[in-house]
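Right after this note come the structures.
Both complexes below contain chain A, partnered by chain B and then by chain C.
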Partner chain A sequence: MTISIANDFSKTPGFRYKIQSPGISGEEFRDNILEPKYKVAQQNGEVLEVVLDGTSGYLTSFLEEAFGGLQRKVYPEKVSMIQIISNDEKHWIDTIMKRYIPRAYEEMQSKQ
Partner chain B sequence: MKKCNQNSSFLVFYALGLLSAFFVFLICHIPLSTFFSNLSYQVDVASLFSLLATSVFGFYFTVILNKKQAINKVENDLLIDYFDKFQKDFGDVIHSMVSSDKVELSTVTSFFKKNSMYMQELVDLIGIKIDPKKLDDVQLSINDLRGLFSDIPRDGDVEDGIRVSGGYLVYSQKQKEKMIDGIRKFRKSVFLVITLINRS
Partner chain C sequence: MKLLYKSQKYKKHSLKIARKQLKRRLLRKKRDKHFYRSVYKKTSDDQRSLRIKRKYKQTVNAPSNLSFLEDPNSVVLFLTKIESILSNSKSLYVEMKFVEKIDYATITALFAILYTSRKKGIKIDGSMPGNPLARSILMKSGFIYTLFSDNPIVGHKYEFTANNQLFTLNDRDMNVVEEIVDSVSTVLAGEKCKIPGLYTTVGELMDNTITHAAENENERWWLSINCNHIDKKVEFVFIDYGIGIFTSLSRKSGKEKIKKIFDEVCKSFGVDAVERHLEAIVKRSAGEEFNLSDGHGEGIYGIYNSLQRGDLNSLYIISNNAYGDIANNRYIKLKRELKGTLYYWEICVNNIKKYDYINSK
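And now, the complex of A and B:
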């Protein structure tokens, strides 16, 4: 299963929260697209591919809210069945998989 | 000017080679008595061959090595110019964003996306000359700057960081100072890479 942020959400992703940029925020992307598709992919035992290419670029807070936020929402489960595809900005792959998701998990752990 | 120097050094070596060959030819074909009637001489074939071989190899290696060094220098200069242009353009845009009261979202996202792609090209190009890992500090300083410009905190607007106002990004004075410091670190990391290219 694949999500293309440019095709399925917006070519011009916005800020972190809906209140800051309604319709194009990281919060809305996570709640309306990422989380539902992640759950379907998980039920089917598939890896969810998320393609970042094709947009005008991202604010770090948009991606943190989307992927870190997903981890915070599905905790105590660990977000693992996800693959980031980014040919234009390869650095996002490590940033999301090695920073945003693990840090969100650690943050939730530390709260308990 | 550089091309002129390369051509003139090539001509000097070429002339020396011709001159050596001419003297060897004279020694081999014209008896010395033609010039010095009261002299007698003995031709040592081994020494003559050694002299000839040394001249040929000396000429050959000097010209080839000189050419390789010249090509290497031209490549280094091109890479440095390319990298220097990148750091200048990048730094100038960052400075102009820092001096603005508010910055459009699309300005920040497209600027950092464009420069990430440009940086990737540079890593591929500079990787020919030096270990691409030497560019890690440049990449890190760009990532830090990206964070300083676009990492809106989760707990909402903060006085000392980034605020969102009317669809624009607004930076506090403290945040701007961090950005200026980030540009300094970025330029320092670029300078270190340039010195490495120069030495390669």
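And now, the complex of A and C:
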């Protein structure tokens, strides 16, 4: 299962919250596209591919709210079976998989 | 009526007024004599400047080095003087005759203050630098023409000249970010395309200003873009006159994670070592605790990463009384505080050539 942010959401991803950039925020991407598709992919035992290419770029807050936010929502479950594809700006892959998602998990753990 | 004019009381009153008027006339004559003696041997440009300057109650003399990046102390002092005069006065003359050096960071910072004040009806005038290079930079920037033009800046974008644009807004707007990226990509890559790091940098700074910089309403940010088509290089100056990074952090609620971490940084380096605080914030070098798991406070670190990856060059950050020449790892504490935050960076063709999707164009 594949999500292309540029084609399925927006070519100009916005800020973190809906109130800051309605229609193109990280919050809306997570709630309307990422989380539902992640759950479907999980049920089917598939890897969810998220393609970051094709947009004008990303703000750190958008990606953190989307992927870190996903982890915070599905906690105590750990986000897995997700693959980030970013050929234009490869650094986002590590940033999301090795920082945003694990740190969000740690944050939820520390709140317990 | 004749009786009235002949009365002693009237004659005494009339004499008193005449004496006052004479005194004033003599004083004015003395001042004029002094003034004209002082301009007698000056050049006609100087004479004109002096005549104009005379009409303004307040004058600020610009230092010889008006480069924000090289001598931030002098420039911050100069801007502080201007701001303090403009808050109390209705007119200001900026004496720039002795300026030898000036850069776009200063031009943008000065424009932001003076344009806002002029819109409020404050009378502003000034002289041009005597140094030909400084004068040429100032003229080419279009700053002078725009400041005194009858056409105000409408909307969020203004083209000073073909090579200089100014974007300004008191809100977040991704359409403006995209417009900036399109404009710059045309210079660097010959057509509209993605510029790695630029979308992130401009968006983060815009978000920081609106989220953190304002005391009451949304703070206005200013971004000037100076394109050098020959060297295929673009200079960016982003400034807001908000409360600054450190004032903003110190005012955060104690419950916020970033405030706790900032307090730890202050403890380990000392409260006054703002230059060390800036370095810690930029590099996230204050230890693992600085890695915020709630994902906030990533903006400046993200811009630093863009510099590390080679997506941009020459990053400078000046906020409150901290100055950082990030690329050269130089951080200093300023003698005076800049009320606000300024970022300067450059992007040239070499920064984007390594990306396949740009090379293929």
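One rule holds for everything that comes next: the second predicted complex is superposed on the first by the 112 of 112 C-alpha atoms of A that agree within 3 Å, B and C clash if a C-alpha of one lies under 4 Å from a C-alpha of the other, contacts with A are read in each partner's own complex, and residues count from 1 in each chain.
To be clear about the criterion, contacts are C-beta pairs under 8 Å (C-beta built on N, C-alpha and C of every residue); 3 or more make two chains touch, one makes a residue touch a chain.
The model shown is predicted, which means the values in this text are computed figures rather than measured ones.
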Practice problem: Have a look at where A:Lys98 lands relative to chain B and chain C in the superposition and call it first, second, both or neither. | Solution: neither
Exercise. For A:Lys39, select first, second, both or neither according to whether it touches chain B, chain C, the two together, or no partner.
Key: neither
Exercise. Identify the partner contact of A:Gln20: answer first if only chain B is touched, second if only chain C is, both if each is, neither if none is.
Key: both
Quiz item: In the superposed arrangement, which partner chain does A:Glu106 touch: chain B (first), chain C (second), both, or neither?
Solution: second
Self-check item: chain A residues touched - chain C or chain B, whichever exceeds
Solution: C
Quiz prompt | First (chain B), second (chain C), both or neither touched by A:Lys78 | solution = neither
Quiz item: Of the two partner chains, chain B (first) and chain C (second), which one does A:Glu65 touch, if any: first, second, both, or neither?
Solution: both
Practice problem: Would you mind listing the overlap between the chain B footprint and the chain C footprint on chain A? | Solution: 12-16, 20-21, 55-61, 64-65, 88-89, 91
Quiz item: Which positions of chain B touch chain A when the two form their complex?
Solution: 105-106, 108-114, 116-117, 120, 139, 143, 146-147, 150-154, 164, 167
Self-check item: Interfacial residue positions of chain A with respect to chain C in the complex
Solution: 12-16, 20-21, 24, 55-61, 64-65, 68, 87-89, 91, 99-100, 103-104, 106-107, 110
Quiz item: Which of the residues in chain C come into contact with chain A in the complex?
Solution: 172, 174-175, 177-178, 181, 194-200, 203-204, 207, 291-296, 298-299, 301-302, 305, 309, 355-357
Quiz item: For chain A, which residues are in contact with chain B within the complex?
Solution: 12-16, 20-21, 55-61, 64-65, 88-91, 95
